[in-house]
Every structure is written in C-alpha cells, then in structure tokens.
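Note that chain A is present in both complexes that follow, paired respectively with chain B and with chain C.
Showing the complex of A and B:
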C-alpha cells in the first residue's frame, strides 16, 4: 500500500508470475499446503455467506405456506415462481417509486457533499499538513472508531427542539423560533448521511493524494501555472480513480442505510429503500417481500460493486 | 501561455486599481498559503468532533434532559437506582452481551482470516481468484443485505442456529472476515518472501518456517486485526439486531437504537459513551502493541489501524 503506484511492464509481470508458479509447484511447499490454509474460511463463506444469498433468491422466487403465510424457499431454479418478484417490481414502479427516487437523490446529494468537502480536507492534510499531519490524521480517523449510532445520537441531542443548535440559531436571530429539525426533514437526513460516511471518503482520497509526487506539482508551478490550474490540470485528473473509489465506498452503504433515517427523522416523508427492507423484515409474513427488495437493491448496486471489484483486482495485478 | 511569470508581472503593473492588483497577484502566487483550505479543514474537524463531545457531556447530565445539560454528575451511569446504565437490568445485561459478542467474534474471525490471507496470498490455483472475489464481495456488500440474508437463512434453513448469541456471532464473523484478510495481505506484501525462503534454505521445514519466521513477522497485522474486529463488532448493530432473539441477547448498540426512538434519557448517552471508552481503550492498547511488535522497523503508515 505504501509503494508508489507504478505499473510494471507486461514482460516483468509475466516473469514474476512464472517464478511464483515455479515456487508454487512444490519447490518449497507441497501442492495442497496453501489451499489448506484457505479452506476453513472458504467453507465458512460458502455456508454463511453464499448460502444466505442463495436463500434470498429461493425465497424471492419461492412460494408461501398457504396456512401460516411463512415463506417456503424453492431451491431448484427450474421450479421458481415469479409472483413475488412481479409484485415487487410492480411496487417499485408504483407504490414505492417515490422512495426509490428519494433514495437516489439523497445518496447523490450526500455523496456529492462528501466528495467536495472530503476532497478539500484530504487535499489540505496531504499537501499542507506539515508538522501537524499526525494530529490531523488521528482526528480524521477517530470517527471510524466511534460507533455510528453514537454519532447519530449526538445529532439527535443537538438538533432537538430544545437542543443547542436551535438555541444558538434563535439567539443569533437566524430563525424566529426553534426548528423541528428531527421531524421529517430531508436536509437533516442528507446531512446525517454526510456526517456518517464522509470519513470513508476522506481516507482513500488522502492515501492517494499523499502519494502524488510533490515534484510533479512543483514542475507545474515552475512552468508558471497558478495553484488553481495546477490543481485542475494535474492533481484532479490524477485522482480520478481515487474519487471513483471513494464515491463507491460511501454510496454503497448509504443505499442500504435505514438507521440514519429512523434516528434523525422517523417520518414517512423521508423513507429510504433501507427502511422498506427493514420494515418488511420486521413484519411477520413479509419475508418474501423483504427478499425481493434485497434482490432489487443488489441488482441496482451491481454496477458500483462490479466497478469496485474490478478496480481492486486491477490494483492487485499491478503490484 | 496564460500564466507565465512575465505575463503575471505585466498583469500586476497593468492592474486598474492597486487593491485589485494585489488581490490578483495574491491569487496567482503559486506559493501562497492555502488559508481557505485550512479554514475548511479545521471547520470540518470541529463539525465532526464537537457533537461527540456534547453527547459525552450529556451522559454526565444530572437532569433528565438529553438535549441540555443541567449540572454534571454520574446520575445516569450509576446514581439512578432503576434506569442508570449500570443498574438498569436491561442495560446492564446488554453491556455483557456486547462484550461477549465482540470477544467471541474476535477469537473466531482473526485465526480464520489470517489463515485465509496466507492461503489466498500464496495459492495460485484456480479456486484462489474465486475465493478472493467472494471475500471482497462480502466486504463491499451493504450490511443490510448480509443481515437480512443471515436472518432468513437462520429462520428457514439453519434452524439449529437459533436467533440469539450463536447466530449473532456467526453473522458478525461473516461480516468481519474480510478485515483481517485485507490487513494481513497488506503486511504480507510489505514483508515479502525473503525471510521465509532464507529459513527454508537453511533447512527449516515449511511448518517451522511459518511458525517461527513468518508468523512473528505478521504479529503487527494480527494485532491490528484483533483491534479492528473487536472495536467494529462492539459497534455493530445492523447484523446483530436482525439476528438477536430474546431481549437479553440485544447488545448495547441495539439498545441505543431502540431507546433513542422512544423517550431517551441520558442513560442512552452513557451507554454510547461506554462503548466509546471501551473502543478507545482497545484501540490505544492495540496501537501500543502494534508499535511494540514493529519495533526496530522503519515506521509504516498507520493504514493497518484505520480499518481501510
């Protein structure tokens, strides 16, 4: 991770691979040796990760017990029925359409704010942190160690009708009387999402910006570019992959988030996809609906997840 | 071009008013101090940390309010006989459930993950790529997907797991498994294979080379994994909430969530602050240990401890 990003020539890569393959083929270790290390975790992931995901599919495409209304998973794809899925898609484009659109908007706005604010902070710390860099980094990392719930709880306390935010605002005469920030306001939810996930944006951006060679920027300056054009023409284009990675890292959990919303609003006027899933899984007899909602969410997130997996694989190959 | 040095001088002398000219030369001076960025950064840090301070302070509130401080004291930690953190039976039990879950998760996840990392790093067969892919998938999957999927599988398929502590630990291990793998693989990359190969060239059988050479080299990463997994499981609540059974299997994080939607008292802040203190202690210990196991090495950046 600390190595500068450089792509070795294809010839070198294949040479490295060949030597690795030679070692692998039993110079030092028997052939079964390393797979044996991985096997317990692979078994674990098969049973407790892939099987649950397949269960979601089998319930989404399954049937329901006619008496108890409990979901009956159907394991063989050739016996799958599509009634739940059709119903779910119907709702997606009908009853729930607003919720889906709202979620997209919230995630889009919150990710954009995360990016702009996060970039500024990461850039400052990476380039101008100076002697205070360690302190700044500790402060940037610390939210990751603090429970997400506590960070939301802090805002619940602050944004209460009698809370400190309203007191300061009324004292400064910004608002005539206390505002019900926690009573179903989209802006509160968006700010909550930004507050919750922005550290995940700042750290990869910082890690990347910190690796950009200073000499590259200095040569820009020496050639007469002012700081803004050095930034626009050199730093920004270079950091495109880090920006995309950061956007994926913050937007994926935002799409599945329901707790920010319940804690900071709790009103139907700000319901997100996560809330739909959470509500249906907590309601008896709604198992198939929850499974279908999860399925739809997964399909929606296929592109960002795919992007993330591909770029990680590429990064691994490049080293 | 637009911004060459002679050009800029020309701009300064030609400026219509001296003030505007000064502003312009300040703007285009490549060595100017980034005051605006500095202000944004410190404002961001204040915004990110001050609310936590207030929440901690409120846990020491004497009054009932959880939005304004009416004198400081330990009322909601210990003082109140029925609803303070350590004396409300429900919250009291939740503390132990939190610690139990985190310790159990840590003890299962780290060995599983370290072995997985070694296997993935060294095994170049056909299955290795797929296994790595599945591991990364579990890393990026939104937690609600895993939580709901685990809930459904426990209810409908693996019924012997029963909702409750065992199911919660299984869910947490699955969710946390990728952290030690990622941390240990980063370390393996920086350690390289030289030491281990030297040991084997000197006659050590594979098992010994691993136990006596490679494993000690991995201690910093293993320690970091323990810290990250413990702290993260302590704070986890999505997976744990779906997999909790009876009320006494709900850890503090779930209680905080449930209570904060009812009529919260500062006891909830005390619960959150308790988690904060516990995490801080673990992270500080982890960091000291990390430094200790890395003594004598060139200091690496702290990426291993950021959990990313």
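Showing the complex of A and C:
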C-alpha cells in the first residue's frame, strides 16, 4: 500500500515548517540548540536537588555508626532498612502530633497575617504609589538585603524587656509593665515569622496587582459597582493566582523554619517541626530519624504545592 | 560555650560513596564498644593507635596554629601570647575554628573535614575518637606542666588512663545561677531541695535550662532524688520525663546555651541551670559594669558539694598538621599563669594546684585588670564562692560519664518528649 503523495506525514509537515521559519529568519539552528538552554537547570537540579534528596533517602533508610552514632547512608536500595521510617511515622502520629498541629497553626496564622498586611501594602503601591512606586518598592525589598539572622537579632533587641517595644508600650500606658515577649510565647514566634517572610508575599502580589488593567476596574465602576464591590468582584478574583503564589512562597519555608523559634522563644512549648528536625540532626544516633522527618515534611508539603500547580494550570487553560 | 541551631546533614565525600561496597555499620567489635563507656569505678585504658611524636621533633617553623574549639572557650589574647613567645619559630595564628556542639565537632573530624592542631573534646567524645584513631597519643615529655601543675586526679583520669590522649582543660560544677535581686541567697540555700526552685511557678517564664540533654535530664533526676546521673534504667528515666513535663506546665522553661553566662546577667532570666564557669564569666555580660550590678548574680551548688562535677579536655587530632607545635601549646596552656589568665576571660577554672580556692575569690584576674570600662571583678565573685571547684569535689560529686548506646537512646527519647513541648494537660 502506498501513501498518496498529496498527504505528507505530520512530522514532515512540522519539519518543513521549521525549515521555512529558519529560512525566513535567515538562521539555521541545530536540533539540540534550544533544548541545550535547559542543561544548566538540569545540572542544577541533579546536583542540588536529586543528589541531596537521594542522600536524605539513603540516610533515612540507612544505619548509624556503632561508635560515633553518626548517620551512615546506605546507597544500595537492596540494603535499605525501614526501622527508622517506621519509628519516624510512629512519632509523627504520636509524640510529635502536637508539634505538627502547632506548626500548622503557627504557619496558618502567620500566612494569614502576611496576606492581609501584604495585600494592603501591595495594593497601595500598585494603585496609589504614583511616582514614588520605585522608591516604595526599594524600601519594601530592602529588609531582604539584611540576613535573616541579623533581622531576628534586631527583633531580640526590640522585644527585650528593656527594648523599644516595651518602652513605647509602657510610655503610652498600653501595658502597665514590660511584656516578656521573648519568654516563650507563641505570639512572638508567629509575629517573627510574619516579619521574616512578609516581603515574599508583597512582591508577587504587587507584580500582579500592578498589571491589572485600569480599564477593567473602570468598567466595573461604569456598570454601577461601588469601590468596595469593584474590589471584591474584580480586583480580588483577578489577584487569586498571586494570592496563591504568595501563600505558597511564604508558607513553605515557614514549615521548615527553626531559627525564628530558636531566636525568639527557645521554649519547648513553641517547638515547631523544623526544631525537631534540627534537634535530631544534632543528636548522636538520630540522623536517620531527622532524614525521615525531612521526608515526611516534604511529602506533606507536596499537597499545597500540588494544589497550587493544579490551580495555576487551570487558570492558564481558562485563558 | 554556645550552641546554636545550625549544623546540617553534610553531603558524603566521594571516598565515602566509593567505600560503600559493604553494608556499613557492621565493622565494630563489642570490645571496642566496651571501651566507650568508662566509669570512675571502671576506668579505661585506651588502645594506642600510633606512636607519639619523638621528643626531639623540632617545632614546625612558619606554622599557623590551628585551633578547633567551642565558641568563646579560649581567650585569644592568651593564644597571641603563645605566638609571641614562640616568635623565633615564625609561627602565626589567625582565628579559632569553632563548633556548636560535640556531635558537629565529632562528625567533622570523622569526615576528615577538619585539620586542627588542638581540639577541645568533652569526656564522652574522647574514647570514641581515640578508638577510631582520630586522636594521636601524647608525648608526655613534651608536656611536663601536667605533672608539675595539675591536680593529682588528672595524673591518671578514669576516662583516659595514663592520659594517653588528653590533658584536662577546665573543671566545673553544675548548679543553678540566679538573680539575687529576685531570689535571696538565704531563700535558695534554705530550701530542703533547691533543685525544686527550677519548678517553682512563682518564676514562670523566667526559668532556663541548658539545651543539652545530659545536663537538663540529670537535673530532673536529681530533683526527683535519683543520684545516678548515668542511669540507663527505664524507671529512672520515666521519672525524669514526668519531672520535665511538669516543669513545662509549671514554669514554661526555655532551653538555651547562652542563658546562664549572658542572658541571665542581662536580666532575661531569674534562674538558669548553670555550669559554674558560665556564671563566673557572667560579670562580663552585665548591662552596667559596676560592683553593685555584679551583686545581682548568684550561684547555688549543694553545700555538702555532693553534686555534678566534671571537666573538659584538650587533645591533638591524628591528622594535626603541626603536632609538635600542638604539644607546645598544650604545655603552654597548662602553665599556671597562662591558665589563670585564660580563666579570667573564659570563666572556666583550670585544675591547677596553685589555684587555691581562697585566691580565686580574692584576686583580680587579668581580663578584669585590663577592662578599663568595668569595675574590678575577682576570678570568682566572692559571694558566689560555691562556684569555685575543689579537687575534693571529685571525691564526693557525681561525674557525668559516657552512656552506652542503648542508654543514650533512652535519654534521647526523654529529651525529645521534653523538646516537643507536649504538656501533660494537652
């Protein structure tokens, strides 16, 4: 059976099109040219994601040195042991359950505060920043130029019993005597998380809000909506992808954060998952358990990431 | 000594990956493991894993002294003095390489990431490091100051008989530091069981313990009346767990590593579990450098001296680039005046024969003498005389010895319960 000459195969058609396009632009690119641009990213992923991830797996399913009790990764999957994984799961649903709940609660509250404050700021800069937009943006991003550690140290000084926050509060008679902000309070940890991560919420929100066409808002007004309902029915639904992106960007690192709690509280009553992992890493014999806790946390975080990817994909399809 | 949250899972070296032909973790013998749990009544002579350097080895010319130590645990002025005294050998020193906790230090040494001339291990790390061949035997002829100046208890310590690998660096007791402007001496010393003050709800939110499982769990054991601070008994450890969980309920303690020497003097705590050396150094961290302010700092340790007492060590890693210089430096640190001057800044007392207890609370240390901004302070402030360590303390006190791996796991379980902060009411 022979194919009719008038119907070339789809592959041939696309090749012809590519060649024509190249001829038109006057440049010939070899086949590998464009995919080669992905190679640094692929190398990056291999070296800084897949290899470390496999190391974590090899430690989680590995063993410990009988003398030093440091983790000994087992690289060959056929020698993997599941005892540490079972133990880690046991603790996750037992001893550590409260810590997981506490962490979720802290992250939820901190992300919500980030969203409310961040949205207001981003909205103001995008809509009413005017000529000062760039200056405002620089000011908003400037905390990121200082390391997280330094920013938390600054907070330690501010929140101290003798610090400025207490001095102002007592001067204004808001509180009768200095508040022990740093004496193991969950609220301080939550505020610390907000302070540490809020710039990451503001930036995507700003970028998105700034691109909303003014004409859309005007049409809302023309159709009789007052400013509040324009915001609720036009701006807010339009900014949903940015809200989701902001929430994902701030909440994921918050789940793994241990430093904020260490610096601003130190009390076991405010321990987060990150602190458990950090403690395990620093305890002889618990290296594999730390790796298991890391894997459990990663799997848990796949849920919000999956939701985010799905909803952005849907939004793209809708467009 | 400070520990901050920080160490990460290190990526394995290429050699470790290539060496993974056999299943790891099955190469140690039970005899080796026995060596790891010495006790004062079951002393251990560590095996020789090599030969000490020859006595006539010349000091390495042009060497840079490499120190691997805890943060703030040696006064750089003393190291610089050593460099000056050895100027004919053209040696130099730039900075101390520090670690935050012994696990981090041991894993770095084990991975060969550190090339240090001297290292400052705790007792529990010494047998492990020696058995694994990571320390080198010392040449005693190059360290004459040990025999000359140091307490007799360290001429043959239980954890390293014949001091093959280590010399003692500092000694300390573990008690309670407190703010005397909040708690009077008579109040705490008058209590039937002063450990209970760390559980007193009157000091809620103002109590600190060490972020160090051995010291904090041992405190719970002692509060509960159990004096074997190296126990592996599950019943004892259950009691410690109950005590620690009730502490969470009663006082909401914070676990710190700088709470006693820094944050209590600054007013952040009223009470803190404390190594004697931490509170002795505390005057250097107060907000006002006056005698009046120093008087706010106090230290409790049992008056009959029956409490936890211990020491830290100095050793030379097997891969030390300048072992002869390292011997010279150790001998230098065991010189009476050098040790005392270092003590004046570090706060941790050297076990020196000439460091008479009365001298320590009467004489002003070098650091205080050169601190023009501060009113003078004795090595140990006179009203916290109980922070002075005596050799006799080691006859009656409790020594924190290494735990067997099984016991250690139980201790870690207790610690995890405490650190998870799950209160009994939740």
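Rule of thumb we're sticking to: the second predicted complex is superposed on the first by the 246 of 319 C-alpha atoms of A that agree within 3 Å, B and C clash if a C-alpha of one lies under 4 Å from a C-alpha of the other, contacts with A are read in each partner's own complex, and residues count from 1 in each chain.
Everything that follows uses one rule, which is that a contact is a pair of C-beta atoms (placed from the backbone, for glycine too) under 8 Å apart; a residue touches a chain by one contact, two chains touch by 3 or more.
Everything quoted here is computed from the prediction, not taken from an experiment.
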Chain B versus chain C as contact partner of A:285, first or second or both or neither: second
Partner chain in contact with A:180 - chain B first, chain C second, else both or neither: second
Touching partner for A:147 - first (chain B), second (chain C), both, neither: first
Partner chain in contact with A:37 - chain B first, chain C second, else both or neither: first
Touched partner set for A:275, first chain B, second chain C, both or neither: second
Touching partner for A:266 - first (chain B), second (chain C), both, neither: both
Which of chain B and chain C A:300 touches, first, second, both or neither: neither
Which of chain B and chain C A:244 touches, first, second, both or neither: neither
Larger contact residue set on chain A - chain B or chain C: B
Partner chain in contact with A:109 - chain B first, chain C second, else both or neither: neither
Set intersection of chain A contacts, chain C complex versus chain B complex: 51-52, 55-56, 59, 71, 73, 160-162, 258-259, 262, 266, 278, 281, 287, 290-291
In the complex with chain C, residue positions of chain A that touch it: 51-52, 55-56, 59, 62-76, 79, 91, 95-96, 98-99, 102, 160-162, 180, 182-184, 258-259, 262, 265-271, 275-276, 278-279, 281-287, 290-291
Chain A contact footprint on chain B (complex, rising order): 1-5, 7-8, 27-34, 37-38, 40-41, 44-45, 47-49, 51-52, 54-55, 58, 65-68, 112-113, 115-116, 118-120, 122-125, 127-128, 131, 133-138, 140-146, 148-153, 155-158, 170-171, 173-174, 177, 181, 186, 189-190, 193, 197, 200, 206, 231, 234-235, 237-238, 242, 253, 256-257, 260-261, 264, 268-269, 272-273, 275-276, 279-280, 283, 300-303, 305-308
Chain B-touching residues of chain A, taken from the complex the two chains share: 1-2, 20-21, 23-24, 28-30, 33-42, 44-45, 47-53, 55-56, 59, 71, 73, 117, 120-121, 123-125, 127-128, 136-137, 139-158, 160-164, 167, 195, 198-200, 203-204, 207, 221, 224-230, 248, 252-253, 255-259, 262-263, 266, 274, 277-278, 281, 287, 290-291, 294, 297-298, 301, 305, 308-309, 312-313, 319
Chain A-touching residues of chain C, taken from the complex the two chains share: 3-9, 11-12, 16-17, 20, 23-25, 28, 32-33, 36, 100-101, 103-104, 106-107, 110, 128, 131-132, 205-206, 208, 211, 213, 248, 252-256, 267-268, 287, 405, 408-409, 412, 415-423, 426
